[in-house]
Amino acid sequence: MQWASWSAFFNMGGYAFYVWVSFGLTLLCVVWEVLALRKRSAQALRLSRLLAQE
Amino acid sequence: MNDAWLIILKRDLLLAFRRRSDVATTLFFFLIVSSLFPLGVGPEVAVLSSIAPGVLWVAALLAGMISLNRLFAADFTDGSLEQMLIAPQPLALLVLAKILAHWLVCGLPVVLLAPLIGLQYALPNDALLVLVWSLLLGTPTLSLIGAIGAALTLGVRGSGLLVALLVLPLYIPVLIFGAGAVAASQHGMSAQAHLSLLAACSLLSLVLAPLATAAALRISVE
Amino acid sequence: MNDAWLIILKRDLLLAFRRRSDVATTLFFFLIVSSLFPLGVGPEVAVLSSIAPGVLWVAALLAGMISLNRLFAADFTDGSLEQMLIAPQPLALLVLAKILAHWLVCGLPVVLLAPLIGLQYALPNDALLVLVWSLLLGTPTLSLIGAIGAALTLGVRGSGLLVALLVLPLYIPVLIFGAGAVAASQHGMSAQAHLSLLAACSLLSLVLAPLATAAALRISVE
Amino acid sequence: MLMVQGLACLRGDRLLFKNVGFELNAGGLMYVLGENGSGKSSLLRILCGLLKPEEGGVFWNGKPIDLDTDIYQADLTYIGHLNGLKDDLTALENLQISARLAGNQVDDAVALNSLAAIGVARCANLPVGVLSQGQKRRVALARLWLTRSQLWILDEPFAALDTASVDVLAARLGEHMSNGGMTIITTHQEVTIHAQSTQTLRLSA
Amino acid sequence: MLMVQGLACLRGDRLLFKNVGFELNAGGLMYVLGENGSGKSSLLRILCGLLKPEEGGVFWNGKPIDLDTDIYQADLTYIGHLNGLKDDLTALENLQISARLAGNQVDDAVALNSLAAIGVARCANLPVGVLSQGQKRRVALARLWLTRSQLWILDEPFAALDTASVDVLAARLGEHMSNGGMTIITTHQEVTIHAQSTQTLRLSA
Amino acid sequence: MKINWFKYSSPQTFYPLAEKMIPWFAWLAAILAVAGLYISFVMAPTDFQQGEAYRIIFVHVPAAWMSMVIYIVMAAWAGLGLALNARLSAMMAQALAPTGAIFTLLALVTGSLWGKPMWGAWWVWDARLTSELILLFLYLGFIALQSSIDDPRRADRAGALLALVGVVNVPIIYFSVKWWNTLHQGSSINMGAAPKMAATMLLGMLLMALAFWMYTVAVALMRVRCIMLERERSADWVKALSLGAKS
């Protein structure tokens, strides 16, 4: 175990900003991509249903 | 009912939102062009930061110019432009709304992206700030003046190149004041004078360009 | 009868001759863009001459790119392209003829004008010579690679901007070697290595680009 | 009242027509007929003020239309060859925007009604880009159920419409005329439209 | 001999036609008929190899046309909706260039003769840009007097032609067929063309 | 046993198949990511030169790897689609592009975030950085071309051709950028500054890279399903499916 305490962990030896933004952005991209895809597929289904009901 | 210009503004923004990838191309063009220079000039930080104001502003000019054909072309081909011309509203106002939308979609993103690219050119922080301010004051003029050129070349053969020839020379004052502002702040001087001149250009073109564009549109739609 | 490519070459040159003003616009674009920089960067000779290779090459790149829409667009709209596709001749050969004509009309003038602009940037004589050589070896690659992009975007919405996005990244090696050659000679080094690389790029694209362009044209004409 | 005097139209270096004049009163319908290329669309564009005539003038209630433009344009609805629709917006959005641009505030229900009137209610929430040619045309024409302007100028409104829609549109035009409206129309088809007075203008190429 | 089997054509997401098949022998004439948008032009483009069919194949003398493309294309003359003329070149220059591109070397006199045959000899030295629609079409069609290929594919060749030229062209087509040529043609007009065998293909939208 | 590939390569059969495959890859990605993160934050020791900042390596390097791998895979699918006229291959290529672009962007951003504390600059015009930036442009060009062609068949084939041209050009770009940098002057900053990698670090990076791989597959499958729905909007199977689906 590398970390003496949670705060040391979050502090990342003074590089908190760089490390957490890196990982945070990666997480953000992943979450965003998945959500966007779910929305897109729901929208596509809705549109084809509208067309099918014609 | 004088909110017609608001309708046009909203419509154009909605359209841009529905076609996000189209919009992004202007931004990418700016990004690519401004990344070309270091590849041509070499990676030395000192040189890059000294040419950064000029290069970034030229890239903004070119991006502004190349995005112009999106301003009226679609409305022209699908007939919306005719409808705007015969709407019981002052045409110049509608034109202004379109220009505003175009700036929000094509100009503003460039303004926001510029500091990031400025970082790649190792511009110091206060110069970055001035860069953003100068672009904020200057790019509306680019859209305004460009609109005249775009309207004049609507439906003309080889309009892409033609619009460049018409519009780039008119952009030169904006380039000089804009790049001058950033360079001044880089050299530790005040950028105030340059920025005021940019603002003055913006105001002048804000008054004149919509009228000229409206007139040009009437000619082009005949 | 395998002189079909000669027919196409002659026809395109004849057409360019009949429309001389259209041709001049590329040259003007190059002129304007490369004159914008001194306005943006400031008049110091030392800075200007150190960025000259990069700036001139970037201007050549942009001029090459912006003239691309003239390569196939007219043939596409008037139906000559269909006739070329069904001619009993290898399409790649005809395409090569068109590219050659395009280079003679849009590339060569830029090569010839460049030293004049180089003078304005205070480039020394031997660097000017290398500039001309590098452009001579490099601009054909621009036309060749550009042809692929032009063929891919034929008849596509917003093709002007799109072709920039597609083609500029592919131009980068040419830019690097071309500007590198001039910069090397400026610093008193030999430009040989860069020029050979440029020539190699040209040869490679000479072999591959016409084939790719022919394939792209078949896709676009459907 | 619309009055037209001594119009001449030059396109390129060809004189399409000259000395065209007529009067159109409330409740009046006018057909403009002629072959392809005879200048029908050009005439209609002149009447809208989109094209300047080579000679002659157009007067609305006695005033030249290029003087009191805004008043004239508030009284005018023009639907040309082009539909003026955005492919990326839905039929409903398109209809509302064009109506509001012409000065008619409309809410969703009213707009939907007018789409229903011409039989494209089911397309209301589809982007116009996926519609067929005839459906697009009908979305454009749905504006005629919303507008309150007196003068309608329609360039081949029946083209690309199936027979049922042609009848619906003809009925709507008849209603407009019986309310004192005026219509100028070009068409290549035989369509019966009821009007208090009907006149025909034939252009020859 | 041209043989076509089980062709299907998809445009956008619409299936225009499927299961189209026929044979065309020396001296044969084939009409392709159908409404606007029914896929006539698309079919002709498939037959030329300009468009890939969704299904099926086209065979020339027993070989698929996308295998021995050059041989097939040497036997083929296609004139589509577009004339393939350059506005800035004269009629004579245009004609010579397109003939030579198709592999027929022609001198001035021969080219002039073929322009004369379809009645546009007087336009020979005018840039095509100043000609009228019908004259342009005739310059494009003048190639039919120069070509020696066996299979002609013509997309609405009679459109925009006046009656005299229609007769001249029909006679030329008859001559071609009597020499053992084949023609595939689309038209909206009734024109009598003499051929050893005539067949009709009707596409429905 | 003979597998009917043709059957699986038709959208109608692949659509439900992909639906079944997605959770597997998603869960694999999640498990691998958790393991990778555990190693990278808990097990991996502090770097004596770079301090804790080096932990960025656990996203940066996998992202950079993926950005390159995805481009090659995408071009391969595209080429396959072009050669065999297979719709599914072209759709896979189209589905991979945005994810590839995102990883490229992540490599750039995390690299910058690493560069600032290490080099004192967000960006230097180093060869590797520059070629990564150009890779981003190549992705964007591919996406923009496909999205501006309305006819999907044409979009597929045009995109495929572009991807192939790009793949030929990638090594050229890579070497040109490398030479460009070294011919001028020695870069004052050396990318190889990272010390010999400890085994735990390597393991962490590998796990994270595998997690990204699985994630990519899952997301590409999701996207390919959307593309199928959008393209075959008027096909009977989509109509039946959309009418059957809830909400």
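Here the chain labels run A, B, C, D, E and F in written order, and each chain numbers its own residues starting at 1.
By definition in this document, a residue touches a chain if its C-beta (ideal position, glycine included) is under 8 Å from a C-beta of that chain, and two chains touch if they have at least 3 such contacts.
Predicted, not measured: the structure shown is a model, and the values here were computed from it.
J.: Where the centre means the average of the CA atoms, what chain is farthest from chain E?
T.: Farthest by centroid: A.
J.: Count the touching C-beta pairs: is C-E or A-F ahead?
T.: A-F
J.: How far is the middle of chain C from the middle of chain D, if each middle is the mean of its Cα atoms, in Å?
T.: 49
J.: How big is the gap, in whole Å, between where the Cα atoms of chain A centre and where those of chain B centre?
T.: About 33 Å, centre to centre.
J.: Could you grab the centroid distance between chain B and chain D? Build each centroid from C-alpha atoms only and quote it in angstrom.
T.: Distance between chain centres: 36 Å.
J.: Residues of chain B that touch two or more other chains: which are they?
T.: Chain B, residues with two or more chain partners: 22, 25, 28, 32, 39, 42.
J.: Any chance you could list the residues of chain E touching two or more other chains?
T.: Not one residue of chain E touches more than one other chain, so the list is empty.
J.: Please set out, as single numbers or ranges, the residues of chain A touching at least two other chains.
T.: 47, 51, 53
J.: Okay, in this complex, where on chain C does chain E touch?
T.: Listed in rising order, the residues are 1, 3-4, 7-8, 11, 14-15, 18-19, 74, 77-80, 82-90, 221-222.
J.: Quick check on the complex: what are the chain F residues that touch chain A?
T.: 41-46, 51-53, 55-56, 59-60, 63, 98-99, 102, 105-106, 109-110, 113-114, 116-117, 215, 219, 222-223, 225-226, 229-230, 233-234, 238-243, 245, 247
J.: Report the residues of chain C in contact with chain F in the complex, numbered from low to high.
T.: Going through chain C, the ones touching chain F are 148, 152-153, 156-159, 162, 165-166, 168-170, 172-173, 176-177, 180, 183-184, 193-194, 197, 201, 204, 208, 212, 215-216, 219-220, 222.
J.: Flag every residue of chain F that touches chain B in the complex, lowest number first.
T.: 121-126, 130, 133, 137, 140, 143-144, 147-148, 177, 180-181, 184-185, 187
J.: With touch defined as at the start, can you tell me which chain E residues reach chain C in the complex?
T.: Chain E reaches chain C through residues 45, 48-52, 70-71, 73-74, 76, 78, 80-89, 93, 97-98, 100-103, 105.
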